[in-house]
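What follows is a pair of complexes built around chain A, which joins chain B in one and chain C in the other.
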Partner chain A sequence: MDHMPENWGRPRSDVYGSYQHAIHSAGPQSHTQVPSITGTSVIAMKFNNGVILAADNLGSYGSLARFTDQERLIKVGKETVVGFSGDASDMQYLESMLERLIIEDNYEQDGHNFRAPHIYEYLSRVMYNRRSKVDPLWNAILVAGKKDDGSPFLGYVDLLGITYSSPCIATGYGAYLAIPLLRKLVSEDEDAKNVTEEQARAAIDESMKVLFYRDARSLDKYTVATVTLDGNVKFDKDVRCQNMNWRFAEGIRGYGTQKQ
Partner chain B sequence: MFRNSYDNDSITYSPTGRLFQVEYALEAIKQGSASVGLVSKTHVVIVALKRNAEELGSYQKKIIRIDNHLGIALAGLAPDARVLSNFMRQQAMTSKMVYNKPIPVARVAHEIGDKAQKNTQTYGRRPYGVGLLVAGYDETGPHLFEFLPSGTVLEYFGAAIGARSQSARTYLERNFESFPDCTAEELVLHGLRALRDTLAQDKELLIQNTSIGLVGLDTPFKLYDNEDVGEWLEKLGDVGSSRGRRQAEEAEAEAAAAAETSAPADEDIPVPDVPAEPIETDD
Partner chain C sequence: MTSIGTGYDLSNSVFSPDGRNFQVEYASKAVEADGTAIGIRCADGVVFAVEKIVSSKLLVPGANKKIQTIDKHVGVAYSGLTPDGRHLVDRGRSESYSWRGLYKSPIGVPILADRLSGYVQAYTCYSSVRPFGVSVIVGGVDKSGPHLYTIEPSGAFWGYMGAATGKGRQAAKSELEKLDLPNISARDAVKAAAKIIYIAHDDSKDKDFELEISWVSTSETGGDHQFVPKDLLDEAERLAKAEDDDDDDDDDEMDED
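For the complex of A and B:
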């Protein structure tokens, strides 16, 4: 007779081996719950001959401006650009996935190539799959390029697997600060036909400047990518915000170094 | 008694470098009724002759739709074709779901080719006993592939597989130069003319035994069966084999073809009118 009540009703150690305490201490599997190095807004709009998008070169570590040479727009395949905001390591993971996708597609050499809608669908499946595992990839992503019928394509997918298309899209703060400026030019798909690349570029540059004024996690150095309907992809790197005016800063009181 | 000691499995070579089980699988295709495919600049057509096991039975399905842009015609063991067509449908749906893109015809054709090839190199497996004509239209245009149990996948302008398919091939070889500029309708009629040459002496094309698959530019895969075949047979006119009419001409061509290739002329294999043996390979 075992006189220790705590052993009653338990598998006998001499028969089944001693209790594995690892079972007791095992909690639910945990995943990354917060991003660490992050990129801020990506903004994009359609114009009469393609799609233009921009993202600054800052990698923030919390509120610390940790990296100032972060490239967040990448070319995927021959005529598609993908822009990432959010976690930098998840961006790099997705970059490597997309690179593998394109390389393996190229092995076939059968005249078939992935274009923007195909890459967009793939990314949205990956993002929704990961959020369904409650282990999301912490990004909001824009995909820009050409549709199968040759018209411009622009799509959004984020860490929840939410997808939508629109002639102007921006992630993060851009959704509040840049979208109104971009929509002044293009609010419907039809409007894009009357906007030239130069006009679109000016709106993008203006939006990036406003974002640098107002978004405390942004940088005045950014990359602009342009996908044109003839299949060309053009990257304009290390662009600087022009004609900034910080005179208004003198009048701001309540924080900073002033003593009132 | 003669015994072939090199055909007990599909992976052992004979001393002369042959894989007998694979060759037997290729023979199984010739037991099935004929399927014919041909391509123009804009369309692909597959036509097939259906057989019923007995007078009161239904006809075996010969053309299977895989996707909106893709279909197959088969000759040989129908159950094996079902396995392959289910696999192709799965591949096609995966492509649509993951990439929002209809699967390229060449890719899906080569995927079943790879599947079949594994069976010729894996112990304990048998080759598929079916040949397929894979017809589809994608952004690189119309395509016709011939799939064989050996794992061979080749693209053709015109192809025919199954019993007496040499007659159809002869028709295609005589006429293929006009195919590229054919309309869809002309292409179907060429296909039916090739198919009727594979008929047994006293048979003719009927709405019950003829299947037509058509796919191409702005034409989703359309399968014509039973009543829908009627209009095509009317346009065709003569539904009997032209072999009787052109017997002398044909015999000459066959002799030439037989001399050229060492392949046995399957013209002479008698096919019973009512295939009665329960174990008969039929599709």
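For the complex of A and C:
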């Protein structure tokens, strides 16, 4: 007689072998629970004739600057640019997923094609669906392009499925360092009407420089993409931070081992 | 066909004593009854053109396209039973879609043609099915350059520099032979294709037809399969019509003589 009530009704260990405790901890299958190769901020803002985005070309492996030729802005369809920060493998997965989406859309050559809001809606459902499986795609994503009415579109979606739109958006460190600089030009949607492409580009270049100064996972080589309202997408690759001045670094105290 | 009515043509996949598969030959007849489709392999791509017979004035213009896209870089044009062509295009799409999923790269045109022809051939082997009633011109640009194939109802597939199927294929083929293939530019090939469709068209049998032209070209479309822009289609059609009318005038003059 087994006097331990917790064993009653269970398969007997002497007959079936002892209980495998690994079964207890078995959970749903998951893949990227921690990002591996990562990309840092993507920054973007609207201007009077479209949207401009930038992302540097670094693929970090932890704190190691592992890849310096990582392209993180991709063109999707005819007139949309998607910018990825976060895990590079999940970015590549979404990239091929979006490419197949566009191919299927082009089966019917009916003159209609996906615009930025449609791609954004699709991506946001994919991201929320994956977070609901507790298997998120480890990215924060910006989608830029044109709305159906021809006005500029800019949207954000991340690994939790959080979405929002704003005339200036930045992911990661950019949300802290670039947004204040970009909002000096455009803080409300209406402000974008008074900002030219040249002004917007200057603000983006300045923000990328500040990010390179302060973000330890960034690179001074980046890509700028511009979507204009006539439906053109322009990529400016291998852009370098200009007129950098590191004299301020001497004055920085409080990190590392300095005493004074 | 002397062997018709001898019983060897009633079931698919049955050989006649002289080694023919009649059901496949009858499928080819369905192809020969439909409008002409041509494909031209040019310097950096492929051009498709179709004479789509308009059976009723009530049909919406531009509906029921006979040129379709299989993948970004691959197009098809076909003559024969349209639903059979539609089904084969669906098969081609799923083949190239799953190739992308597996290999993260676009499918090669020769591989796609090989797989589709294997699918078509299987429909000649079983008594429970009938062969495809279409000849499909498959073409596109992949990393090894432009390719053009025709898949016949038997499942045979041949590579071509210029291909033609359907009613006017004989006239179209002799016109294709006059072109400087494969050195012709994509733009010139579009104009030549329009001309050939007009030449192959028989006014006395079918009055109305729609001209469909599409292309895949490295220089013109960035390697994507698309219908040609409206202004180019209109220009090609105008030139083709002008030439066709000239020929008719010549004929008239000869009649007068």
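Following the convention adopted for this analysis, the second predicted complex is superposed on the first by the 218 of 260 C-alpha atoms of A that agree within 3 Å, B and C clash if a C-alpha of one lies under 4 Å from a C-alpha of the other, contacts with A are read in each partner's own complex, and residues count from 1 in each chain.
One rule holds in what follows: contacts are C-beta pairs under 8 Å (C-beta built on N, C-alpha and C of every residue); 3 or more make two chains touch, one makes a residue touch a chain.
Here the structure is a predicted model, which means the values were calculated and not measured.
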item: First (chain B), second (chain C), both or neither touched by A:107; value: second
item: Partner chain(s) touched by A:128 [first = chain B, second = chain C, both, neither]; value: neither
item: Which superposed partner A:120 touches (first chain B, second chain C, both, neither); value: first
item: Touching partner for A:99 - first (chain B), second (chain C), both, neither; value: second
item: Which superposed partner A:213 touches (first chain B, second chain C, both, neither); value: neither
item: Chain B versus chain C as contact partner of A:67, first or second or both or neither; value: neither
item: Set of chain A residues, in rising order, touched by both chain B and chain C; value: none
item: Contact set on chain C toward chain A in their complex; value: 65, 68-69, 71-72, 93, 97, 100-101, 104, 226-227
item: Of chain A, residues touching chain C in the complex; value: 96, 99-100, 102-104, 106-107, 109
item: Chain B contact footprint on chain A (complex, rising order); value: 108, 110-112, 114, 117-118, 120-122, 125, 148
item: Interfacial residue positions of chain B with respect to chain A in the complex; value: 97-101, 104, 106-107, 138-140
